[in-house]
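Here the chain labels run A, B, C, D, E, F, G, H, I, J, K and L in written order, and each chain numbers its own residues starting at 1.
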Amino acid sequence: MKIMVIHGPNLNMLGEREPDVYGTVTLEDIDNMLKKNAAEKDIHLIIKQSNFEGEIINWIQQFSSSVEGIIINPAAFTHYSVAIRDALSNLSIPVVEVHLSNICAREDFRHRSVTAPVVQGQISGFGFQSYLLGLEAVIHLLEGKED
Amino acid sequence: MKIMVIHGPNLNMLGEREPDVYGTVTLEDIDNMLKKNAAEKDIHLIIKQSNFEGEIINWIQQFSSSVEGIIINPAAFTHYSVAIRDALSNLSIPVVEVHLSNICAREDFRHRSVTAPVVQGQISGFGFQSYLLGLEAVIHLLEGKED
Amino acid sequence: MKIMVIHGPNLNMLGEREPDVYGTVTLEDIDNMLKKNAAEKDIHLIIKQSNFEGEIINWIQQFSSSVEGIIINPAAFTHYSVAIRDALSNLSIPVVEVHLSNICAREDFRHRSVTAPVVQGQISGFGFQSYLLGLEAVIHLLEGKED
Amino acid sequence: MKIMVIHGPNLNMLGEREPDVYGTVTLEDIDNMLKKNAAEKDIHLIIKQSNFEGEIINWIQQFSSSVEGIIINPAAFTHYSVAIRDALSNLSIPVVEVHLSNICAREDFRHRSVTAPVVQGQISGFGFQSYLLGLEAVIHLLEGKED
Amino acid sequence: MKIMVIHGPNLNMLGEREPDVYGTVTLEDIDNMLKKNAAEKDIHLIIKQSNFEGEIINWIQQFSSSVEGIIINPAAFTHYSVAIRDALSNLSIPVVEVHLSNICAREDFRHRSVTAPVVQGQISGFGFQSYLLGLEAVIHLLEGKED
Amino acid sequence: MKIMVIHGPNLNMLGEREPDVYGTVTLEDIDNMLKKNAAEKDIHLIIKQSNFEGEIINWIQQFSSSVEGIIINPAAFTHYSVAIRDALSNLSIPVVEVHLSNICAREDFRHRSVTAPVVQGQISGFGFQSYLLGLEAVIHLLEGKED
Amino acid sequence: MKIMVIHGPNLNMLGEREPDVYGTVTLEDIDNMLKKNAAEKDIHLIIKQSNFEGEIINWIQQFSSSVEGIIINPAAFTHYSVAIRDALSNLSIPVVEVHLSNICAREDFRHRSVTAPVVQGQISGFGFQSYLLGLEAVIHLLEGKED
Amino acid sequence: MKIMVIHGPNLNMLGEREPDVYGTVTLEDIDNMLKKNAAEKDIHLIIKQSNFEGEIINWIQQFSSSVEGIIINPAAFTHYSVAIRDALSNLSIPVVEVHLSNICAREDFRHRSVTAPVVQGQISGFGFQSYLLGLEAVIHLLEGKED
Amino acid sequence: MKIMVIHGPNLNMLGEREPDVYGTVTLEDIDNMLKKNAAEKDIHLIIKQSNFEGEIINWIQQFSSSVEGIIINPAAFTHYSVAIRDALSNLSIPVVEVHLSNICAREDFRHRSVTAPVVQGQISGFGFQSYLLGLEAVIHLLEGKED
Amino acid sequence: MKIMVIHGPNLNMLGEREPDVYGTVTLEDIDNMLKKNAAEKDIHLIIKQSNFEGEIINWIQQFSSSVEGIIINPAAFTHYSVAIRDALSNLSIPVVEVHLSNICAREDFRHRSVTAPVVQGQISGFGFQSYLLGLEAVIHLLEGKED
Amino acid sequence: MKIMVIHGPNLNMLGEREPDVYGTVTLEDIDNMLKKNAAEKDIHLIIKQSNFEGEIINWIQQFSSSVEGIIINPAAFTHYSVAIRDALSNLSIPVVEVHLSNICAREDFRHRSVTAPVVQGQISGFGFQSYLLGLEAVIHLLEGKED
Amino acid sequence: MKIMVIHGPNLNMLGEREPDVYGTVTLEDIDNMLKKNAAEKDIHLIIKQSNFEGEIINWIQQFSSSVEGIIINPAAFTHYSVAIRDALSNLSIPVVEVHLSNICAREDFRHRSVTAPVVQGQISGFGFQSYLLGLEAVIHLLEGKED
């Protein structure tokens, strides 16, 4: 079983810039935790990060027929990328949107998610645990399907 | 370790009314799944449901000093109960908001959550799994604290 | 045949407070007129009034399987109670919303009804006659079903 | 006693176009039901339909001094015809606005009624019964006056 | 010199309906005052009233090449008739918009005039004097042109 | 094969008023071009223009069962005529909305089209060519149907 | 002379939860200060607190005929409880709305008070002194009446 | 008979700055035309101009008991000076608001007049003639009163 | 101890214009009541009124270092004077905003106060008593500080 | 003669994903139809698709001096890409915007086109025919220029 | 060469009130820096500060013909003074708007500048350097003109 | 000392397309002026231009640790790129936003800058001088830091 993980713009700087503000957990750390959890369940993860909206769309198009689920943190693109929304819309595999922070507790413009209405569900506010919970959510969704 | 689970208005009808529409999973089923998962981790759950905003506030006030975390599905109250928001605000224990459905994919007025800005995080759209993921999220938050 | 009538908050004061402003028709008078009209058609009415949103939800849940129709004047709850909306939504029996006054001719915030989109229809502006017309409407809807 | 019934634009197509969608009840059927009900109560109905806003205004002006009440379904004009509103405003006879469908359950722009604030009351959502209930409402209003 | 005067919907009822509310000045009275004032200045008036938006557009099209100015009280059409706006727009003769009442002191929706941006100027709030001042304004505009 | 062409308000003045502004192409010129193009494809055109919303609705009702497609330029009515929208809605024949100018490049209130959501498609901004393209579009739609 | 004091939701936690944030003044302290001030002026206070909107409405209905004034801090209900507004509206006794904090200096949604338009006046921002000033305000209003 | 004329901010620059843009008519010219017209009718004018909102309020307060009418061009203050609105509100003498330009044809923020709802009427768009028509309007209003 | 009292625009006319509407209490009366109350507590009042926003700002700047508290009724300036807000913001002495009328019960534009977020608290709706309560509020705030 | 065709994001998936939903016409099919039509008129097409906003801008910049017209379907970028708008703005060659679906009949956020105000015209709702009509439109525009 | 510098309301308190918050740079310091910089380039500065909107307008009118450029920090007036906007509009000399703070990073109501659309450009966020950069900007604009 | 200069989308066309409209100053000219000014102060500039949002984010991430300041003209991205905002947010070096034109004087959607709240300051409206002033601003900010 293969699952894709997509990190949106600026997430590559996680833990590297201003560790006193954002903590010292890096994106690599998150990826390793995800891989460890996935390995335990015999799942292969394909993990990508990009600051380019187009590249994220390309990956969704390219992998959506070969993976069985997608975990995506669209980061800033959450709030305006209709193009990513269109790429995610009506996929035949489950998609879970995750956010490190509680986006409802931040600036007004972050309360609106243009991608949320076309994904299966959302998990936000738990830091790196949002990703781990997202992985479980995808697995549950796939298991539910099999029943 | 004790954790509280609060179900908001109309959730008591789950699975009983229109099973062909909402499925046959009842609130009792969800509670049993939650209890089973909790028991495995030696956690005691206090589970409540009410159609009264005031009763939910009473429970939050009454139990927030004796439990170590709260999982709440405020249901319809999500969208207007400033009183529940105020009860949840600034608690010293983690609070996780869960929703069965993806509220961003429903009517416009359901996109706004007045409670979300004062909780730790949100999980929505995974049916009964939203609760199970919520339980895990609370446990993660408590474990994180201990470190 | 049984039909439920639900009066929302503050309607219990009708005709008792400021009779020179609101007239001298009391809620009891309305109930008696409704019962008389119902009796003529061999219909039994279950009539309730509450200032508690939760109690109204409880009654809808409790009686919606044993009555054949509901007449509800949600009064102030009309404008914000998503919880009552959810309780009324997708019932298998007809629901008619009634208002004593013409809510479109009052303050702006009263023009929006959160319950209206999930009921069968609305009757507003005819004083106590709104209830009597509501009773007829429910009967028509039930008769129409039988055909 | 004479009462006027005014049908707004496109209502003349009722039941004739797409019977599988809108049912087979035609405007003529509604008019006949109304006439039958009216005749039983010794009321003479003047019934008009127009696709012209100006013609509807002309009729209101022309007949408002010779009839004792008006039942109007402004249809699409409900949502923008300030001119019909002005014609109905401050008439000395009761005016009842009726709608076949529950306009609150349709597109957003249909939730606003520019005519509603100047009529006695509204009945919507009961199909052709909206008209029959409207007739009763007008009769009640006239009887109430006589008291 | 010929000037056209156009009265919009419902103005034909002026002074006839509810004289205690609107006064006893009829549209005929206003027309006579206008004609008297015009005659003194050797001006011929063409005066029209209609409840039909289309008829008003027809008159504007038909007479705008044979009269030297237009005084129009679009009444309710002021607030939504883009079609009358388009008919008035870019005429080569001066157009003055008049209103009996002070539309800024009435309901919110009357504060917006869709016709105002395409006319020369507006006079509102002076009862029938609005028309007489409008006549003077047109004459001034024509005299100004001659200079 | 018969196709109807409906020109909305003020289009009859095209090319006659202010030729230096709007060009010298008249509505008659457009009609002739349309007829010539139609004739080449053995199509009979029924062409109408009106400044009356009601007349346009009448034509839609009267001809929608005897023609095989409609090309309509609702002009100013585009922006507020819910009544024309209702007349066009759910017709069993294709309807194409055309505009001479690019309405998105004009005043804000012209960006909203109340008719657009119920027609097949829109063509705007190409002057008289909008009509010729509209004719082709209808033919394509009819041909597509036949396949 | 009897005056009623109503404390809205969550005020019962005052001073008990997070004393370092909200100070150590409890609701009981406030009640004692109010009682002491009232006793000096020979006034009897009836003091109530509830987290239930319905209970607050019940109290207003029950006591408004036996007390001579009401001091109410609707807390979170200030911002959405149309039902409490309706209960307070048109009472024959003075009602004063008080707030511990300056609600205009907090989140946007707290700037709107649905109850304020139907009370005599508002006092906000002075901590527990808001209540003491509110008591004085009611006394002034009652004394003013007697003159 | 005395009438006051108040010119708002920046009107003192009329005709002096950029004569090729605004014409060569100065405020002094307008004042002279007004005085000439007034003199013919035996009216004494008190004419003031200020760039200070406070000074305009002072004049309204100072003169409203000794003049019989006010003509005011609030200029930029039209759009935000609630203080001038309050000064004009409920005066016992007629007040006419005039504007040189057609404010509805300018920037969006100029479409709203905060003073208009409290004056008798408005005249806008006729250049200096707006003032002369305003003088006539005041005279008409005073004559009407005498009848 | 010195406290400043600032009356905003048009308050100087209180009780002098239209005594039948606004009552016969003049600003002088209010000032005398305030002085009497202050004298009893050995407080010296500096009282100012102006129709000029700039003068009010000057006074705030000039006196804020020599008085110990400010009572301000910004009147119309409440709703738009960002300049007065900036003058009041971050003063080291307490500022209390008072209003004679209940501004929440008046026109929509009066519901917004630009000054309220930067003052200590607000008292509105009690007529001249608003000032007396404001004086007490300032004294309480100063006493509270001393503790 | 050379004309450029630009396909926006996700259009490369046309007909490949969910053929039962979107039909089996692929982007390649559309390109072939376009090329066939173009070839008949001796026109060379340059056809590009990208999921990258920046790449589309690059192509517009690179080719706008060597082609004689542009047909663009900005897809999701239609609704927010000010950068593509700026690239298209004030080109000296005609640009036609096309859409497969009727964007006015879809979600609210798709009704706004940020690119539409700077192109020559729009064609939407005709499936692949939108492109063929777009090609004709460009040719007409170029022919019109030559005259 | 003479250039005018205008400081808006409350700027006279700069550095004097709460030096720990706003720093110790006073307006006099800024003026001295400006004068020093100006002197080096042989420019004479006329520097004014006022808390009165009217005084600022007077200065603009009085000096705009004798100076060659204006640097203005309208402070709070930035957000509502249409009167200052009108005074600045269409001057024949360059005007530069400066702000000490980054107004886009402050409260929402400070994001809108009513003066910005009529000046040459804006510089904000650099503390006292905003003025020095503004001086350079004016000089550049004047030099540019001479070329 | 190294400073980065980032030019957003379409700026590479400056001076090349439509020189009669935008002038003949090219981006290369601006870069040369910047370099010359920088060289005089011994500053090395790294200058980049891209039409890709992602590339701009990459550069900000890549260079923000090796340069001492950033001058950015986000062009069209100013109005919607939350991703660039997030990249710029909380950098430890000063960032200055510059615009060639006065964006407040252009279309409404250009008045909102999503990047402005996270940069140090903004300079707009001075053509290429905006960049030169931006360079000075960065230098001032860096010098200020050293003190």
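Points to keep in mind about this one:
Going forward, contacts are C-beta pairs under 8 Å (C-beta built on N, C-alpha and C of every residue); 3 or more make two chains touch, one makes a residue touch a chain.
No experiment lies behind these values; they were computed from the predicted model shown.
Listed by label, the chains touching subunit F and subunit H alike are E. Path length between subunit F and subunit J in the chain contact graph, taken as the least number of steps between touching chains: 1. Once the centre of each chain is set as its mean CA position, subunit E and subunit L turn out to be 55 Å apart.
If you average the CA atoms of subunit J and of subunit K, the two centres end up 47 Å from each other. Each chain gets a centre from the mean of its Cα atoms; for subunit G and subunit I, those two points are 23 Å apart.
Residue positions of subunit A with contacts to 2 or more other chains are 52-55, 80.
Chains touching one another, given as pairs, are A-B, A-J, A-L, B-C, B-G, C-D, C-G, D-E, D-F, E-F, E-H, F-J, G-I, H-I, H-K, I-K, J-L, K-L.
For subunit D in complex with subunit C, the residues that touch the partner chain are 102, 104-105, 111-113, 116-126, 129-130, 132-133, 136-137, 140-141, 144. Within the complex formed with subunit A, the subunit J residues making contact are 8-10, 12-13, 17-18, 21, 50-55, 75-77, 79-80, 109-110.
By the touch criterion stated above, subunit J contacts subunit L in their complex at residues 52-55, 57-58, 61, 64, 80-83, 85-87, 90, 92, 114.
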